[in-house]
Amino acid sequence: MPWLSILMGVPVVGALAVAAVPKGSDKLAKQLTLGVSLVVLVLTLAMAAQFDRSGARYQFSEVHDWIPSFGVHYAVAVDGIALVLIALAVVLVPIVVLASWHDADRPEAKRSVKTYFALILVLEAMMIGVFAATDVFLFYVFFEAMLIPMYFMIGSYGGAQRSYAAVKFLLYSLFGGLLMLVAVIALYAIAAKGTFLQPELLGAIKDPTTQKWLFLGFFIAFAVKAPVWPFHTWLPDAAAQAPAGAAVLLVGVLDKVGTYGMLRFCLELFPDAAKFFTPLILTLSVIGIVYGAIVAIGQTDMKRLIAYTSISHFGFITMGVFAMSADAGAGATLYMVNHGFSTGALFLLAGFLINRRGSQYIADYGGVQKVAPVLAGTFLVAGLSSLSLPGLSTFVSEFLVLIGTFENYVVPAVIALSGMVLAAVYILWMYQRMMGGPVQESVKALPDLNLREKFVVAPLIALLVVFGFFPKPLLDVVNPAVHQTLTTVHAPQFTPAIPVTAEKKGAGQ
Amino acid sequence: MSTLTAAAIEAPKIEYGELAPMLLVFGAAIIGVLVEAFTPRYLRKSIQMPITILSMVGALALTIWQGAQGVRNAAAMGAVAVDGPSLFIWGAILLLAIVSVLLINDDDQFVAQAAAVPGSAEEDQAISEGGAHTEIYPLVLFAVGGMMLFPASNDLLIMFVALEVMSLPLYLLCGLARRRRLLSQEAAMKYFLLGAFSSAFFLYGTALLYGFAGSVDLSAIDKALATVGGQDTLLYMGAATLGVGLLFKIGAAPFQAWKPDVYQGSPTPITALMASGTLIAAFGALLRVFWVALGNLDTQWTPVLWGVAILTMIVGAVLAITQTDIKRMLAYSSIAHTGFLLTAVVATGKEAQNVNALSGILFYLVTYGFATVGAFAVVTMIRDAGGEAGHLSRWAGLGKRSPALAGIFALFLLAFAGIPLTSGFFGKYAVFAPAVAAGGVGLVIVGVVTSAMAAFFYVRVIVLMFFSDPAPEGPTIALPSMGTAAVVTLAAAATVVLGVFPQPVLDLAHSAAQSLFVR
Amino acid sequence: MELYVPIVVLAVIAAGFAVFSVGIAPFTGPKRWNRAKLDAYECGIEPTPQPVGGGRFPLKYMITAMLFIVFDIEIIFLYPWAVAFDQLGVFGLVEMVLFIVTVLVAYAYVWRRRGLDWD
Amino acid sequence: MRALLADPAGAPTLADFGKDPLWISIIKALFIFVFLMLGVLFGVWTERKLISRMQHRYGPNRAGKFGLLQSVADGLKMGLKEDILPRTVDKVVYILAPIIIAVPAFLSYSIIPFGPMVSMFGVRTPLQLTDLPVAVLVVLAMASIGVYGIVLAGWGSRSPYAVLGGLRSTAQVISYEIAMGLSFVAVFLFAGTLSTSEIVAKQASGGTWDLGSISIPLPSWYAILLIPSFLIYVITMLGETNRVPFDLPEGEGELVGGFHTEYSSSLKFAMFMLAEYANVFTVSGLCITLFLGGWRAPWPISLWDGANVGWWPMLWFFVKLALVFAFFIWVRASLPRIRYDQLMAFGWKILIPLNLAWILVVATVRATRVEGADKTLVMVIAAVVVVGCLAIYFRFDTVNQRRREARAAEVEAEFERLRAEPTAGGFPVPALDLPHYHGVNGRKEVPSGTN
Amino acid sequence: MTTHYLVLSALLFAIGAVGVLVRRNAIVVFMCVELMLNACNLAFVTFARQHGNLQGQIIAFFVMIVAAAEVVVGLAIIVTIFRTRRSASVDDANLLKY
């Protein structure tokens, strides 16, 4: 049965249903959204259960002609990488829905609540689609179309600077996307295969210079999307202005599309170019790691701070992607998932704090752990995961990335290590400033997490811990795909022994 | 000369059947004039409207029938080319014209009595009498007929006549806005003066090419080109001036100056008609001239068109950013789109590329036509005390006052910006792809950058509509008449459908382009 | 060309005569300066000369001029048709019927819009 | 048709022109010039004499025998008059206008055929200055140029009467020019050429119209064959030359002198007079050429073989000319001047549609004579044409009827109101105590009135 | 010898074009356009003579009609403006700013 189509169809139908909900009955809309997203989650798990990790690379694939005269197909399928990322998305969505239960309905700015949730569902469908697409053109379509719902979510439900942030976000991504469009067209024209199916295009471009140009076309788009260092400036604004839920989806999932794209298209379609540009990209990502971390330390606005931390983390991911080694790749993939969870948790908790206190400035907080211990505790856990404390899932991925990088490129890996140290600084210092210390007047009456919020945070924390100690299921799914990716790049092969050791190390702490 | 005149003249033969769509439209126009002459005032509108719509629908049916028959030849002694592109363009023009006529139909758009001096007593009287110029219907029909003949004419003389038949009614229609009449009259005057100027250039180019080839028949010019004689200067000057005339009509930089003024000043339904129909017709003619007549000269004109295309895109995108009037902004955006279309015109060379480029252009024209008609239709509905609320600031917070309308307008804007899942995206792809294939990567990159710039001001309008708070005593949303509502829904539907499932139209365009232009 | 030479000759003679007599006029007649004589004749009341570059005149005349142009153009087409009628035969007849009918339609419109009435 | 061309008399065709040596052309040109000058002098005299006879007066009888020298005297008088250049006029235009109006008046005559081929000083040449494939167009062109003279005269004078007069006569002339041009079409249909000499040749003998078996002989003169065209032309001829009953432009009652108000009677004014009469002769000549068989002898005389050979035809031409000119005078003596709106309405609403309908009828009839024409189609077209013409005519007729009645009622009501209180109409009446205007006091003036 | 006519027509055309660009009175501008059209006519007739085919002369006819139609439409528009603002200067028509 066409799992992926169903996965995309359900949220769309749900979105229409939500949009059709009569005015005034916002509660119904929210419940409906939550229900739909849970259904999608269940379906995804059902699908994942059937995923044969030792089977063909692409599974559940469907291919239909869409626009024959352009050689465009509606072609979807998942390999391990895509699967875990889809899983990430569908897990995050219900959590976000639950988290942003009251975000939309702020009476002063009378926005339509149901629209917000409908947008979330549309976005979910597109996120699934973009990860599942095996047709370059289809991927591009989702890649661009995703911007619109996110644009509206930021623009009409965000903070004070929302419209500026939204426009910046849209224009940056659009610009990158349009460059990618040129590359897509050129790819089609030069490959002259008359099709956009990614598997058929593998190795279609022989001429190295052409490869380099096309690679750049794709890479810049992805670099803007997953903010690699010079292209990152839109992220802090967008993430800071977006409502917490949207921020989670933005940083947690949307940006992964960029790194995913690098892995899936930049590497596989243009291996030679990829090799050629690897040093440059590693440099950029190392810069990103350090820069992001340092700037994060200096932030006074917690959302911006978290945004900068993720810039640093994306540095790790890109480094892993381009380290061209099996476990670096696996680590990067894993990192995408875990980062989604940890940053998601951070953003959500920050959101809760902001909703309570009405300010996102770190200086306005202090001593929260006394008044709201649970909140503070979860915040600490999330923070620790963000600095990849051993025992939490992020550590595994970061460790794998570093190891993998060591194998090929020592210097960047070493410099990247400093990122971990800096991470400790910004996270702990933030925690200390906000949660520790004397209780501020303003936070005296700060209520602790309520039941809904507990339900929001619990699964995230659980996932972080579980995968921290037992990443094997993820790795088993991811590794084959990464291997095949690397084989297409003709990179040196490695036996997938490391992940187990990694797990041991993880357990050993 | 006398010896020549003495030579026996044999009566030419004319395929009335193949020209039927045009003849039908023109005939209806003439009947419309008769109606104006002989029916009492209160009956006119109720007679004119059906005549106009029915004739166009009939013409559309005939066109489709011919397309199904696969008619492909030059009718009327090779003066009018009834080939694939012509038929496709006819269909597109007729569709868009029908849609625009639905807009034109709600009559508070048009002046009660054109001759009355604005603000004078007689004007007030005319308005109070509820008078309206039903002449607009025949005028529109004439204009549409001209639009159909213009791209189909296979001979520069016919093309010139068609150009005028298309333009003259539009000149008049531009001046007939009911509100802001001074603006409207000025627009009419500027459009007229510049238009006449450009057609003079077109004509002089025709003269020079005639001097070069000894005939104004496009294919004859082509043949003469194949054996270029000593008169190259004539050829080059002729081609240049002819090109100037044509570029003027499509509003390509540096000849775009008339577009904003005219679009802003003229009554919005007419703007919609011009922005869709005239552009399509002019582009058809441009392609025919450059590919059929000057096909062998492409090494000369391709670089020029490169420059023009780049300049047009940049001018359109940059100047649009500074606009504060919605109609002016749309005008500049249409200039930018002209530039995008020109990128595909550059893609000549191998036949296949021609076919792809041609079908791409045709497809783009259709998508853009529908989006723009819809956009202008929305503009007519946002009213103010003094007519339409032109100034952008008046649109602030529209998204809250009427989300549906604002949403649809946003949809059109996104289509202009070429966001996937709207028609505009595939349009852009369809013109950029052949350009890249023809080695115009640089051009396409410029196009992409400019369309990013263009996206900026489209997005700005969306921001204004949705993210900023409504202006106090903002504009009223006029309750749409049946026609307007139909237009908006139709255009929106077309934009979405073409954005999700463009294949049928693409096939149509491709099969139309398959035969290229008949020579 | 040489068909036109005689016309030129005649033109020279006629022009010569006209210019001569207009030129000679000031010298043959007497000179009796009288300011009143030099004023435009308006039945003895204060003359109201038209402004330089022409005054305003009723639009009616413009409309007449336009109609004249239209019909004059029609005539331009009628003459060659008439001369070549025998060669064109029925086709010519049909086309000309269409042409004249078309013009008559416009004519009827003008008529009904009081374009031809002077009052 | 071929048969008509085979004509015993040396009827010139286009081929015979353009062969003259220059001096012959000069002689012919001079002849035409002199002929027109004398014609004008004699014409003025004839007009005055004839009209006064018709009005039981003597007319000019002092200067010379029968006052023959009267117009000569007038001419001299004009020459000796003071040439006034009003202060307000636009000098250049004012002086140029009479020249512009006079020259074309002469030129039109260059294509009027006076006779067949003759031998002039041993050179065999047609009695016609020249002929062109588009000869008749020359006449029309010259007429149009003459119109410039009129309008410029009015414009340059820059006084209300002159401007209005100029515009009026321009409007009139161009209106009637259309009707005139249309009335030619039928002739060209039959003649199949625009060259005057060939048109004359075509009128040598009427062809026959084979209708089935019976063959009806056609009259040779187009005036009879195409009588509607002829009548229309005669009317437009009057309108074109601003003659009674269409002499609105210098309608003394309303416009003082019309466009030449400011041209006090000096040689400039003489130019206008000259042009007016020259135009009369031109249209008469054209009338003769196109409709009255040109220089060819009328029927009884034409039985004599020598009638159309040598110099004789010139005589027939002059006789015809005299008769047509007499017709002008006769009309002037018998008809009143008509109102301007009537004039225009007549030109636009009657002559033009009539003309077009007539052209279509002629063309249809003609088409039946074209070889291999499909008769039924022609007949169908004919039916359509006739029915259409009638329908439109009746429609207009009723409409006009209604409008006329409404108009009359209005006028009646107005009149009633005015009878009630005379000043209601508000016609501008100059104040009774308006000071007599003496101009600005400046240099010593010769009091007006003293000569 | 036909080149003279061509040069003349080119000159007329140039004069017209310049006039359109520099003159400010709408009527004058319009007359300049007409001048350009007539320059085209001259060129057409000359070329017809040069090529010895009648096409050019026929075209001249059509151009005349078009010119006439333009006169009719254009003067109507200009007169309307003139009635409205008592001036036919292009400069006064400045409601449409860039």
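When the chains are written out, they are named A, B, C, D and E in that same order, and each has its own residue count from 1.
Going forward, contacts are C-beta pairs under 8 Å (C-beta built on N, C-alpha and C of every residue); 3 or more make two chains touch, one makes a residue touch a chain.
As the structure is a prediction and not an experimental result, all values here were calculated from the model.
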Revision key, fill the gap. Shared touch partners for chain B + chain E come out as C
**Study point:** Chain grouping by contact, computed as though chain B were missing
**Key:** A | C, D, E
Revision key, fill the gap. The chain whose C-alpha centroid lies farthest from that of chain B is chain D
**Study point:** Chain located farthest away, centre of chain C as origin (C-alpha)
**Key:** A
Review point. Measuring from the mean of all protein Cα atoms shown, which chain centre lies nearest?
Key: B
Practice item. Using the touch rule from the top, work out which pair, C-E or A-B, shares more C-beta pairs. Key: A-B
Review point. Chain C to chain E: how many Å between their CA centres?
Key: 20
Check your understanding: Per the centroid of Cα atoms for each chain, what is the distance between chain A and chain B, given in Å?
Key -> 45
Study note, to complete from the structure: chain A and chain E have mean C-alpha positions lying a whole-number Å distance apart equal to 65
Exercise for review: Find the geometric centre of each of chain B and chain C from their Cα atoms only, then give the gap between the two centres in Å, rounded to an integer.
Suggested key: 39
Point to revise | Numbers and ranges of chain B residues touching at least 2 other chains | key: 1, 5, 38
Exercise for review: Note the residues in chain A that touch 2 or more other chains, in rising order.
Suggested key: none
Practice item. Give every residue of chain C touching chain D within the complex, in rising order. Key: 2-7, 9-11, 13-15, 17-19, 21-22, 24-26, 28-50, 52, 54-55, 57, 61, 64-65, 67-68, 71-72, 75, 78-79, 82-83, 85-86, 89-90, 92-94, 96-97, 100-101, 103-104, 107-108, 111-112, 116-119
**Study point:** chain B partner contacts - residues on chain C that touch it in the complex
**Key:** 84, 87-92, 102, 105-106, 108-109, 111-113
Check your understanding: chain C touches which residues of chain B in the complex?
Key -> 8-12, 30, 33-34, 36-38
Point to revise | chain A-facing residues of chain B, complex | key: 359, 399-400, 403, 414, 417-421, 425-426, 428-430, 432-433, 436-437, 441, 444-445, 448-449, 451-452, 455-456, 459-460, 463, 466-468, 501-503, 506-507, 510
Exercise for review: State the interface residues of chain C toward chain E in the complex, per the touch definition above.
Suggested key: 59, 62, 66, 69-70, 72-73, 76-77
